[in-house]
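Structure below; questions to follow.
Chain nomenclature is as follows: A, B, C, D, E, F, G, H, I, J, K and L, assigned in order of appearance, with residue numbering initiated at 1 for each chain independently.
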Amino acid sequence: MADHVYRVVELVGSSETGLEDAINSAIDKAAKTVRHMRWFQVVETRGHIENNKVAHYQVTLKVGFSVEDENVSLAP
Amino acid sequence: MADHVYRVVELVGSSETGLEDAINSAIDKAAKTVRHMRWFQVVETRGHIENNKVAHYQVTLKVGFSVEDENVSLAP
Amino acid sequence: MADHVYRVVELVGSSETGLEDAINSAIDKAAKTVRHMRWFQVVETRGHIENNKVAHYQVTLKVGFSVEDENVSLAP
Amino acid sequence: MADHVYRVVELVGSSETGLEDAINSAIDKAAKTVRHMRWFQVVETRGHIENNKVAHYQVTLKVGFSVEDENVSLAP
Amino acid sequence: MADHVYRVVELVGSSETGLEDAINSAIDKAAKTVRHMRWFQVVETRGHIENNKVAHYQVTLKVGFSVEDENVSLAP
Amino acid sequence: MADHVYRVVELVGSSETGLEDAINSAIDKAAKTVRHMRWFQVVETRGHIENNKVAHYQVTLKVGFSVEDENVSLAP
Amino acid sequence: MADHVYRVVELVGSSETGLEDAINSAIDKAAKTVRHMRWFQVVETRGHIENNKVAHYQVTLKVGFSVEDENVSLAP
Amino acid sequence: MADHVYRVVELVGSSETGLEDAINSAIDKAAKTVRHMRWFQVVETRGHIENNKVAHYQVTLKVGFSVEDENVSLAP
Amino acid sequence: MADHVYRVVELVGSSETGLEDAINSAIDKAAKTVRHMRWFQVVETRGHIENNKVAHYQVTLKVGFSVEDENVSLAP
Amino acid sequence: MADHVYRVVELVGSSETGLEDAINSAIDKAAKTVRHMRWFQVVETRGHIENNKVAHYQVTLKVGFSVEDENVSLAP
Amino acid sequence: MADHVYRVVELVGSSETGLEDAINSAIDKAAKTVRHMRWFQVVETRGHIENNKVAHYQVTLKVGFSVEDENVSLAP
Amino acid sequence: MADHVYRVVELVGSSETGLEDAINSAIDKAAKTVRHMRWFQVVETRGHIENNKVAHYQVTLKVGFSVEDENVSLAP
């Protein structure tokens, strides 16, 4: 079995409704251009306040995905 | 444009129902005496357990608010 | 009043539905063999991604429980 | 039961005699103007040295207190 | 000599010109309502970007000040 | 010489009198069921406040002990 | 309003003259290929020393930018 | 699919020869009494020095294992 | 001399044999699409356990590379 | 007024009796060869356990001292 | 090529004018007794406040220098 | 038994071959001028990359040694 290599990118998702939706908004957006996502880790949870209410939650994620596929470029 | 100054206070909100409600309980309470809240950051998530169940979630927040207004005192 | 002693164990709960359910899954499992649980602290929030969606949330907890009872062994 | 909200303030106590006295000096001072203190957490332990001896210990605390009482202002 | 007690507050200063000016903007604002400031510690350095340029620097400070004076309230 | 293996457990001791007594209360309790303790590390120092005084100090320790002895189980 | 998603990249800028110039060198370089930059956070400040003088300052930044635009790829 | 729960224990392995052997010594010892180990994380790397040489490497690990099996006790 | 700018990416390499091989597997993979790599920093060391043995080591790296070359895009 | 420069060294003091004595043992030893010590900061608190009792407390300190005096060498 | 060894010392520089000057004050002082300095890392930024103004900035640095030269002693 | 005092110095060892060799290179160098070394702790693992390969591993260590001997100076 070949040794696996993963790349980790940092994303910030946001949602007006809750923490899980903020996580999902980031992963949904990433899914449009990244394949083979495997895991995420929450690194920060913040939010904006407007008119004394939470306007939206912001969750910063690290997302790991496989770069096994030779056709996927690691170049930034 | 004048340079902005913010103050950051640390609050602990709690809720029997979930993490977002614990966040909101702290912000609702703060809204009674603080104006111009702009953002929050979660710094710790804990909870109490009673009878083998989560009795309430406790979320510690840092809350930032503008002190542009000259009439707002920074004195503790 | 006698001085209290607590033990802290680290658990990872998971859920397909959300963060609170992942927390509760760990505490429900612990309740089968540990008595006198008092508090938890979230130390990490992660998750697995399958087919571009969150497959399950994973929350790592520290759970504290009282070891006042002489009959409870601290031995690992 | 209503959901609880706490505020956390950061204080530095000092003492010529020891760590516990430094902790108590901060809490005694706070007691003159803050009610409903519930817990503290030590966040840093330092001290000054004069003539090759510890001149005083300095302990930085976070102190949490209940803001349930509507008459207590959260304004800074 | 009586034992000293200090309070530490967290502020965010900003400036369009540089890091030192951001620090000074926070201290200048605090000086309008807080006496006896003694030290600061930088806890975070951030900034906003507009049109591909730094629009302003934001420096988060902890500022310590003496509460020796009995007339100064620690109440938030 | 065989290679050594240690296990590390996390305990919280408490005391009404001071930090060293809180440390000792945890180790005394552990001594009833764990053999071969070798070291401890303080990971957090907290306390409860009642009536404006420290009601008890709470010190969280990691305690390491040898598991050389084949008869000691590592199972949780 | 659609929920926003941001990507965060890590850059190291350097300058012979000072910290702000090092920050700006990284943002200027990024501006050639990244649009919609919104904020930065300093995560490390280092430098090289040659002939007993600072040869250049090196500031490591996290830079956040919006990926709202469907035409921008998140692929690494 | 039922939600999974894992327990995490902290171990210190040691070896006279290298870091991988120290990791393996801890896992080999744990294997005598723990089933279903799934992952480890290195949390500290230390060692003892005798006669100006490394006498042995010590690697502190967190080891996660599944507690799906109802017959495995979580009690400490 | 022009001021240098570097980009830092996060990668996870794995190996069945040891820590150095896990580091090299990540750098070998990156070399297929990234030029001008200059340094790496280990940010986490983990591994998977199967049948009571280390199945593979996983080392998370930050890798820095020069973006001096105008033709290299910083776009993610 | 000339700008001040301090050097910071790391020491571990130990004591059979308590934390303050461990701090003082390190400072007393340092006083034999270092002049102009100004402050200390506790960076770790550990101890050894023998026969189920604390054998000695070990406190790791950073100690800062002035190097204003031209005759004091900074060379290690 | 022989393998290189570096020593890292911790210094605090101060300046009435700014952060870069505080960094340079520490390196200038070190240059009087240390040769072969290669890099520095900022580990803390603080300052003293007098009369509501920054009296001086204090920057704590780690400074690395080569100890290749056999004639340079590592003894403290 | 007299109370022990240790000093901790920070070193960076390097090696073209692996992590253990980098650790040993630092300890070998230190052994030429420091006596009574007792332990080390790895605080950072980095490396340089040249031509898409690891050119050398760099391991930053804290090394503790006894200063019991009155003839050993703590002066920097």
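Everything below uses one rule, namely that a contact is a pair of C-beta atoms (placed from the backbone, for glycine too) under 8 Å apart; a residue touches a chain by one contact, two chains touch by 3 or more.
Because the structure is predicted, anything quoted here is derived from the model rather than measured.
Enquirer: Of the pairs F-H, E-G or J-K, which one shares over half of its contact pairs with I-L?
Expert: Interface equivalent to I-L: E-G.
Enquirer: Looking at F-H and G-K, which pair shares more C-beta contacts?
Expert: Higher C-beta contact count between the two pairs: F-H.
Enquirer: How many angstrom lie between the CA centroids of subunit D and subunit K, rounded to a whole number?
Expert: Centre separation, subunit D to subunit K: 33 Å.
Enquirer: Rounded to the nearest whole Å, what is the centre-to-centre distance of subunit I and subunit J, using the mean of the C-alpha atoms as each centre?
Expert: Here the centre of subunit J sits 39 Å away from the centre of subunit I.
Enquirer: For subunit B and subunit E, what's the span in angstrom between their mean Cα positions?
Expert: Taking the average C-alpha coordinate of subunit B and of subunit E, the gap between them is 19 Å.
Enquirer: Of all residues in subunit E, which are in touch with two or more distinct other chains?
Expert: Residue numbers touching two or more other chains: 7, 9-10, 19, 67, 73-76.
Enquirer: Using the contact rule from the top, write out all pairs of chains that touch.
Expert: Chain-chain contacts present: A-B, A-C, A-G, A-I, B-C, B-D, B-E, C-F, C-H, D-E, D-F, D-J, E-G, E-K, F-H, F-J, G-I, G-K, H-I, H-L, I-L, J-K, J-L, K-L.
Enquirer: In the complex of these two chains, what residues of subunit L are touching subunit H?
Expert: Listed in rising order, the residues of subunit L that touch subunit H are 19-20, 23-24, 27-28, 31, 37-42, 63.
Enquirer: For subunit B, which residues count as touching subunit E in their complex?
Expert: 1, 3-10, 62, 64, 67, 70, 73-76
Enquirer: Across the complex, what residues on subunit B touch subunit C?
Expert: Residue positions touching the partner: 18-19, 44-49, 52-54, 57.
Enquirer: Can you check the complex and tell me which residues of subunit B touch subunit D?
Expert: 7, 9-16, 21-22, 25-26, 29-30, 32-34, 56, 60, 67, 72-76
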